[in-house]
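Dropping the structure in here first, questions after.
In this document, chain identifiers A, B, C and D correspond to the written order of the chains, with residue numbering beginning at 1 in each.
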Amino acid sequence: MFRFLNLTLNGVSLGMIYAAVALALVMIWRATRIVNFAQGGMLMFTTFIAWDLAQRHHINYWVALAVAVGAGLVIGAVAERLLVRPVENGPPLNAVIVTLGLLIFLQALAGMIWGNAQAHSYSPAYSIVGYSAGDRTLLFSPNDVYIVTAVLIVVVVLYLLFQRTSLGLQMRAAAFSPEVARLLGVRVGRLLTLGWAIAAALGALAGILAAGTQTGYVQTVGPFDALLVYGFTAAVIGGLDSPIGAVIGGLLLGIVLSYADSYVSNNIQTMYAFLILIAVLMVRPNGLFSRSAARRV
Amino acid sequence: MPAILERSTLLRHTLFALVGIGVLLLLIHNLGDYRNSQLAPIAYTVCAAAGLTMLVGQSGQISLGHGAFMAVGAYTFALLQAKWTSSHPNVQLVGLLAAGVVVAAVFGAVVGVAAARLRGPYLAGATLALALGLPSLASYEKLSDHLGGSTGLNVTSPNPPTGVNAYRWQSIICCVSAVLVLWFLSNLSRSRVGRSFRAVRDDEVAAALCGLSVARVQVLAFVVSAGCAGLAGGLLAIINLTAGPGAFPLSLSLSLLAAIVFGGLGSMAGAAYGSVLVVMLNLSWAQTLTDKLSIHSAKVANNMPLMIYGVVLAVAMLAAPYGVQGALHRLRMLATGTRKS
Amino acid sequence: MLELEDVVTTYGAVRALDGVSLTVPDGTITAVLGANGAGKTTLLRSVNGLVRPRSGRIRYAGKDLTRTKVDNVVRAGIAHVPEGRGVITELTVEENLRLGALWRRNRRETQASLTEVYGMFPPLAERRNRSADTLSGGERQMLAVSRALMSRPKLLLLDEPSLGLAPRVTAQIMATLRRLRERQSLTVVLVEQNARSALSVADQAIVLNLGRVVASGAASELAADEKLRHAYLGF
Amino acid sequence: MRRGHIRLAAGGSMLLLLAATACGGSSSGGASSGGSSAPGVTATTVTIGSTQPLTGPAAPGYSEISQASDAYFKYINENGGINGRTITYKYLDDGYDPTKTVAQTKKLITQDKVFAIFNALGTPTHEKVIEFLNQQKVPDLFVASGCQCWDDVSAHPETFGWQPDYVIEGKILGEYVKKNFAGKKIAYFYQDDDFGKDGVKGLDMEIPKSQVVARESYQTSNPDIASQVQKFQSAKADVIVSFSIPAFTALLKLNALKVKYDPTLAVSNVGSDPLTLSGLLEAFAKQGGSTVKGSDLIQGVITDGYIASPADPTNSWIKLFQTIHDKYIPKLPFDGNVLYGMAAGYTFAQALAAAGANPTRDSLVKAVEAGLDQGPGLVPFRFSTSSHAGFTGVQIGVIKGTAVKLTGSPATTDDGNGPITAFDGTQPEAPANGIPTSG
């Protein structure tokens, strides 16, 4: 029972990080109907910026976080303007290849700047030693509380942005029906750029949260492959169009992976992700929370 | 061109295939070991990419996980090679490759049935997770004794006939396979099956109204393309002397996709061009270019080939959105002075 | 005043508009009639910048709109109700409406406009917080027209408002248009296949065929022209 | 999308032809070995090649090794070379991906025409080319991996190991644990491949099965090892013996820290380099709780070594390597990986010197089989005509400060049932000019 509790807590903490990545992918999917494979590369790159500031130059955790999030905004906006805009109306697969090219480019660029050789560690924001419950220690620490809270705050802020502000209304309109939105005077192009920028900033947060747990810190410069795939899996489970779905998908994935890891085998984590995904999609081919019909990639 | 060739597509394709094999044999004979060791991967990539073209370009589905089918082909080859030895090495080779094709095709049918329910990004997500998940099965405790864990299974390269060196023999095996695959798929896409693929791609509803079973056509497309990937996997096992999870990373699946988009989606020739481009870029060109730049920093030099690959991927899509085939088409249009409408 | 001068718009090799000239005086309703594929919708899309004319000139209130992008055309006071209504079904009724006035960035005006259109179409007021995909066809058309009016446009471009609607609803919408023209001197360009009901509200009309203007004049004159009615208008 | 043109099958094959000619046309025939002039050897140079993980999951730490070997060769070249020849070292990146290893190795053999493969790194990677190298009769010296599989004279006459194999290491580490932690509960943590499994094989030969309360493996691709550590904790293991790479040693420590679990760690040489480990743990120590700081987290970790330790700056080998390090690769940390690369380079120089004034592939192999001096090693090599295994043993040590403090004396054993015996020979001094001479 204690083990079950610990596994659940561990799953929640991991799941929130997957949820943040999934949210970023959902943002971009809603805005441009593109699955952004470069998300992993973008979050890796911004995480390294923060790492460079915090660990090499001993700058405060929060300042480094803010700079990385800012860098995310810029990278996202530039990527959309420079790379995605020109292929948006071309064959849909082209966008996939372009984001792939960007992923590889960022990976190489990070390697050039920071080297591929060292493993990097990143100071978490708070202690990672678990809380005590009686004479036992929970697998849930102040840092986990921080992760869960941070992602929840982002979710709430995004919800308010989308539902309560006119900017959010325009973003939704541009996402669901760009041509109609344009006819109503919405500057759709700018909103798409903004959507990418926010997504990349969100990715930066997810990357730093992951880096501060054991999950991310051994990553050297690399594509953050697993984080992207789990994020994507979570987003697809949730239904790609739905921010709430992304969060629930992320949590579901995190918790199930945590159980399966411990109760079945910890060598085939990626296989579980596939099985969960297939199980969900066979019952609901458009994910748990999707409303509009899927279009082609 | 004689009238009979004008009329019979099958005959024409067969003739071209024979000529192609002849030309390739001549080429292989004249290439050195190093060039042959690059030709072989190009050829097996062509097999997989051509199959993927049937799926993505012609039936309008997507797979980000074709590496998984290659893995099935490779593991089938490796497992059977250990169990079944034939007195005649060539019979054994053909048998093992065929087994890889069949098992991969069956596996493709299973995936296809699930895939027929999914569209667009959901299918993309499922196949992506498959590409990452399936190779990890090799490390599952209950299977790792049979599948060799993360190290994988060893494969022995078939002995060449006397007088042919090992590099050439591998090139011959791969190139002949590639030509056969192209021959088969070209005929298939000209047949009723190919037309039904395209009908489903262009408009599922209209295809269904014409009496096609959309799901069945989509499953068939998966079977065909998985079979081709299975063959490619078997060939990969021969060339790399291994069937292991590390040989089928996500990047393999994605580079296959890049190859067919590069070449120009939907065409067999495009799949061939694209494969050449992607494999050579990866194996050689990016490195050569880096060496020419003579960079002093090790960090920069180590990552330069990767960066060149990424930049080429993105720039190619921006410059030639319809791939090599599309660019050629446009050139031809310019040359003949006709306009595309 | 909206003026089109020898406008040519092509899709690939197809000339959808082949030298169209048209003048729409302020405070009038102009009907654009013609069969399917005559170029009616293209005419509207050329005006608001969704497609760019190959040649010719489009002017509104003295300004050249020929090369202006959609969002700036809207800001010049031209609203468009697209064919098939263009209601965003994922949003609520009120969100759709608000969207129409957003570029003005004026909360008070938006609120006033809301009250106004709710007054014009009471069914919308009742369903303001429902998702737009729960609306009937007629209500959707009301919503689309109201949304265009939210920005208080000077010129309204309407694309087939009667498509698929019951005659009673069509009549209601036409009546609203006439009322707006009279009270707010709104200028309207009304694209319609349903020539009879369009001509009943219009001041003037043009008839398009294969991208060319084949007839133009006062609405009453065209409605009286027997030959024209048989050849192009189908009533 | 415009309708795709279906091209003819022959069209495709013509393209292959085009491509192949485009990539450089025909070069002259295959690499012929043997004869008087060996491939890769000229009057003034010897070219050797290697595949190394310069990028990818194994790059941390290990990417220093080839740079260190190269630095040592540069030092030799500037001091007259070996038998008048300078050594050109071409190491290519395989990203720890076996498929790439095959392609890169083929490139080294067929295009660069190297004399020998030296210190190719990685068990899963090098396993894929060993057959090929032996078929082509290319000397495959001093593989950078402790797999037993390199020592198979009849099947792979060209291949030689270098570091003690993991079974030997497991046995000696196991014996130490058995002696010092009698009656305690012991757990194994190991990488799920031949590295980890061979190590466990060695451990099992010494540690009684009844004492082992948990055995958990990990995949390098999955850094979430919370569930393994949970199992260790609920089994109440007092000692964890770990055959892990540095990143996972650090993860083990970290996950234990999370649940306030503090077992004694005994870690294979592969995953215990103190500088690498404390680098990995440094950032966490700051937030890890009030009681720990910096490299404190790894003090007292039990491990082993087989070459001189940087903890002993008076050692002649350490002095030599430190000088070379400071001159050629000052930016790299002077850690176990750098020592490893230089020591392996020294062994190769020994072999080349012994291969004679006009070395051939055959004479190089024969020179190694004739036996080599242990050089910077703590124990002798086993090289002979019947064994291609490298160092025969290790010495137990404990992490103290930023280096491994070796204790007791080195022990040697075999990878079978042979006994573990203390080695009482002494380490030779480094040659004055730092370059081995023949004989």
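Here are a few things to note about the model shown:
Operating definition for what follows: a residue touches a chain if its C-beta (ideal position, glycine included) is under 8 Å from a C-beta of that chain, and two chains touch if they have at least 3 such contacts.
Please read all numbers here as calculations on a predicted model, not as lab measurements.
Of all chains in the assembly, those touching chain A and also chain D are B. Touch-path distance (fewest steps) from chain A to chain B is 1. Centroid analysis (C-alpha atoms only) places C farthest from chain A. The most centrally placed chain, judged by C-alpha centroids, is A. Comparing chain pairs B-D and A-C by the number of C-beta pairs in contact, the larger count belongs to B-D. Per-chain CA centroids place chain B at a distance of 35 Å from chain D. Taking the mean of the C-alpha atoms as each chain's centre, chain C and chain D sit 76 Å apart. In this assembly, the C-alpha centroid of chain A lies 43 Å from the C-alpha centroid of chain C. Here the spacing of chain B and chain C, counted between their Cα centres, is 52 Å.
Looking at chain C, one finds that none of its residues touch two or more other chains.
Along chain B, residues 136, 139, 144, 265, 302-303, 306, 322 each make contact with two or more other chains. The residues of chain A that reach two or more other chains are 91, 111, 116, 226, 267, 269-270, listed in rising order. On the side of chain D, the complex with chain B involves touching residues 1-21, 23-31, 54-55, 67, 93, 96-99, 102-103, 106-107, 109-111, 123-124, 127-129, 131-132, 135, 192-194, 219-221. Residues 29, 35, 37, 83, 86-87, 90-91, 93-94, 96-98, 100-109, 111-113, 115-116, 225-226, 229, 232-233, 235-236, 240, 265, 267-275, 277-278, 281-282, 285-287, 293-297 of chain A are the ones touching chain B in the complex. Per the touch definition, chain B reaches chain D in the complex via residues 12-13, 15-17, 19-21, 23-24, 27, 30-35, 37-39, 41-43, 46, 50, 53, 57-58, 136, 139, 144, 149-152, 154, 156-157, 165-167, 175, 178-179, 182-183, 185-186, 189-190, 194, 198, 236, 239-242, 244, 246-247, 249, 264-273, 276, 280, 283-285, 298, 302-303, 306, 322, 325-326, 329, 340. Considering their complex, residues 48, 50, 70-71, 74-75, 80, 82, 86-91, 95, 98-100, 102-103, 147, 151 of chain C touch chain A. If you check the complex, the residues on chain A that touch chain C are 166, 169-170, 172-173, 176-177, 179-188, 291-292.
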